[in-house]
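A, B, C and D are the chain letters, set down in written order, and residue numbers restart from 1 in every chain.
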């Protein structure tokens, strides 16, 4: 029984069958990659996991509880964090403030009216945020405006914000999209480091095979909204069906 | 029956002014992404094009009539318009009489020019700025424009009568045995509006220019990638939108005499119309304009006001609230427009 | 001190000094000098500065922090005023129940309007608030003032009549709004120093005290985790959602708080002058609040107060400059020159004050998107880049902060 | 730079200035709101509070012209205008009681809030001892209340609502202008003569206080003649188009339309009514007629041709041929180039009446001035013999019934006087139910301090 169990999920947009009978099981403490050509339904699947879309049929269970019908913030509070394809951070705020917000969310839940104590007086929160920033090597940028960071730093900041909440499942939506080779490698190293340091389950949607094969413990290949095959990286690499449907085109 | 038809006509007539202003607002918003609070002022400027032309045509030379006296007891100065002096009282009088329809001709280039100047001189610096800034700067512009008009024309309304030939009423129900007497000029206004709306839609539908603009409204970046200078065309759209608002104003004069704040009177309503129709949807703007016009007319009837006292005061806003809560993007709005 | 860091404490102290010494600061010119026209230190205008400052501070909590642009905030001001006058009519002229009731009633109204309007965002939210406010105005101006059920007294404005119950009124208490016998409109001190005159008004000091309290509260709120969340709403609602935070209650709370600030301002307005007119609910009045906030600098602490002061100064001082005054200003010049200058200046002052205001808005929005506060910062930077040692900022308007709203 | 802002604080200023600023500060503690109503310097300041922005700005501008003219005449400038025809002869062109008259102006914006703020600023800052002006009843009542509290005299400008000297009357407030009741009383007999006593009237009424009181007055006066009121429809103030209110009139069986509108509302509703051909219609075998109870020439200009033949009432018109009116029209016309409006007239007269009352009372104290105005009878101010009634501070004088002129000779020649209704016919008891009944009271006069 995996930490995330997707069973028989269907999603139609008008005449288009975006997801057709998707079954997926992500085992705890693994890195599970979902790959597939453009339009295979990867993003739709991801959106169904985080509450942005509701599947027409099927179930999505996280740690034994259904996520269907819950809002994104409720699902986050259950322990699922999401990193976006283009980094979604609070651009108007400083790096430090960006880090503090998830810390509050983790401690106080989805809403708390703490309007009179100052942020600075919340010592544990501040310490937590600074510690995390140090881990991702951004302590020198703590007072910069998030919007003025480089793209790589934005990605790292977003990752740090997610990790700070100590999620049980981290969803990564093409974390290296549009990155230069060197940056991609840095990200891979960062993710490896993250994985080594803590018990965390990562589900990653990715285009870049280099990333997938460097990180993944298991891979699911989606094609036209249906899982084609699920296996270990080694097996996937040699699978002729996958080669035909996906890798063949990419190669 | 007659009464209901009459109110529908009234609604269509009011609605055509709303629809024309809302159409221009939507064009500007859809193409440029700018919330233009000065759009009501453009409507007002259009009306004052007619006032100005009327004044110019009535420019007079004075002769002294010794037989009569003015209010101070001095000999009366009789004014004769130059046009009457030049073309004789018959032709000259007719020219003055037709001042409003004639203004349409001069209003088009003037309004396009004003629109062009506004876009190039001011609005273009605000494309990347928050909507609040756009609202504020165009609101400031609206105040400035209306104060300038007030400086030259005063605060009182100024009569711009229709030509004598188009005065009076016509019984449009006669063919069906109904008694529906309706002012001729209001019919003219309605038909004029329909023609303008039709013109704008076919312009967007059937010309290459229109196609590019429509594509740009749907996805600005993609069109930009095709190497089309979309900005230039959008500037022209601003001129077009200004002309539409201006023409709506020119022809509105004979219905209700223009004054300097008529733009502000229409502004809030037109925004409600645009939002009810759905930001960025041209058919939505037209539909909502006519719909709200008709609703307003029916809410004004004795029947409605005795059923719910004060309904005529709040109907438009009530409808706006209900529509927005039940149809989040208005009647025909597109997803993702203006939601941040 | 008081839970503020040093910078904020300095700001609060500066504001406190400025408000408490306002009767001096706003009357810099001797009464019989030509410049006395520009003196603003008389009770009514000073009260207005402070009350509209409170209003703008409250509006800024909503708009400056969350970015939700309400175009109907004047409705809460109006509701607050009506509530206060009704308290005067029913209970007594004591301002305490009046102000409390106006805050509570405005709070209730904002729960209702906020709950409905906040279901939409962007311009849809603005139009919803506008629609609610215009409805309130129409209802107050005519529908709710009919003789059978007269809640607002319509065009004339709600006021206290001799035959009103005033059940708590006792003999010996003033027949005007008062704080336990301390009449709001009285001056406790009138000081004449040489050619200068300074008036110290009871009502003004009550308003000033309340301003300092609510300003202090707003600093605390800006620096609090709650304030941070509100700024996060403005910055990126999507991220906030995916960070496990529900933006709705945060925005609703901000809406209610800012509605209550507006109600407080309305209550104070009625306490200084016990008449509530429907015009203060019109959409143009809401627009004015928006203008104040943006003109001063949305999202900054002091900006809205400056913006409010700026607009009220214009409305009350510029509108009173007539041709007669102009002629006297320029009377030292040769006749032709004098007439020419009067001719040039004439369209912009007196009845032309709207024109000047409109032009100023356009200039400020175009060149100083951060409002007057940004102007002050630029000035500060200019001074520094000239190599001079930056002075310790005494005036918050010239406060050289890097970014106006960084919580540190 | 010259001294233009001299106020009643003048004396203190001069003494203090002599002490060259080094003198010990003079400290007054006072519980007073207004400063003493006793100008001790060489001049006296009046506050002219008129709409300078908003839809009534033109009317406000005309009021301001009249005030400037009045100040000029009081200070001995110009040709003296009505000072020469006024029945009281105490004003001699040396200002008021020898003090030069100065003035400050403010913008009411036609909003009661703004008007009060501007009046307060004139009282508190400029030391104005009398406030006058305004172009709407809401503003007049709001400012009148303020002046009562502040202890200064308020001389109302254009305000036509019964309430100003009815249920909202104040001891410190005075109105020269006529009111809704008087319009009704003056119009009714003329309407009967012109249109007969068997008429069905349809009222369109601006949905706010002034509209209601006028509608009530006109309906009462016409019903007393035998007319029937078929319907009364309230129209929102913000209406710009009245077509949907006019259309039902056609099928209502009414043969007279009464437009209880003023300003922009009046111009638009009248224009719309004429547009819909109401005036060419025959109903119940009679010509359909339109009545506009309160006319204003400035606004009539906006209605253009549509005004022709329409009957209404007005406080005063420049074409009157009495000596007072002629003198006023002459000095106003020569100064500004066009004839004055009724708003200008009432404002000019109010200023003169105030100056006269102060002089006769020999005091600036509001209660003394009020006493001098109460029951004051005068003539030579354009409306014949006039009484400032003591009980409600309303002037009783002849009311003009006018009609839109068919063949105007000039752009100002829009109205012709049909009848001058004598004051006796429009007089009502001070406790008339439309004026607050027995409960209405002026209250105590307030001298300030």
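To be clear about the criterion, contacts are C-beta pairs under 8 Å (C-beta built on N, C-alpha and C of every residue); 3 or more make two chains touch, one makes a residue touch a chain.
By chain, UniProt protein names: A = Amino acid/amide ABC transporter ATP-binding protein 1, HAAT family; B = Amino acid/amide ABC transporter membrane protein 1, HAAT family; C = Amino acid/amide ABC transporter membrane protein 2, HAAT family.
No experiment lies behind these values; they were computed from the predicted model shown.
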Set of chains whose contacts include both chain D and chain A: C
Chain whose Cα centroid lies at the greatest distance from that of chain A: D
Chains linked by the largest number of contacting C-beta pairs: C-D
Chain ID, smallest distance between chain and overall C-alpha centroids: C
Between chain A and chain C, centroid-to-centroid distance (C-alpha), Å: 46
Inter-chain centre distance, chain A versus chain B - centres from mean C-alpha coordinates, in Å: 52
Distance between chain centroids, defined by C-alpha means - chain B, chain C (Å): 35
Inter-chain centre distance, chain C versus chain D - centres from mean C-alpha coordinates, in Å: 33
Shared-contact residues (touching 2 or more other chains) in chain B: 310, 313
Touching two or more other chains - residue numbers and ranges from chain C: 138, 142-143, 354
Per-residue multi-chain contacts in chain A, two or more chains: none
Those chain pairs that satisfy the touch definition: A-C, B-C, B-D, C-D
Chain A to chain C touching residues, read off their complex: 50, 71-73, 76-77, 81-82, 84, 88-94, 97, 100-102, 104-106, 108-122, 125, 143, 145, 161, 165
Footprint of chain C on chain B - complex, ascending: 35, 122, 125, 129-133, 135-137, 139-144, 147-148, 151, 264, 268, 271-272, 275, 279, 309-310, 313-314, 316-318, 320-321, 324-325, 328-330, 338-340
Of all residues in chain D, those that touch chain B in their complex: 54-59, 207, 231, 233-236, 238, 240-241, 243-245, 247-248, 250-251, 264, 267-268, 271-272, 275-277, 280, 298-299, 301-306, 318-319, 329-330, 333-334, 339, 409-410, 412-413
Contacting residues of chain D [partner chain C, same complex]: 1-7, 9-10, 12-13, 16-17, 19-23, 25-33, 52-53, 57, 60-61, 64, 68, 103-107, 111-114, 116-118, 120-122, 124-125, 136-138, 141-142, 145-146, 149, 163, 168, 207-210, 212, 234, 236-238, 439, 441, 443
Residues of chain C defined as touching chain D within the complex: 30-34, 36-37, 39, 42-45, 48, 138, 141-143, 145, 147, 153-157, 159, 162-163, 176, 183, 185-195, 197, 199, 273, 275, 277, 279-280, 315-316, 319-320, 322, 324-325, 328-329, 331-332, 350-351, 353-354
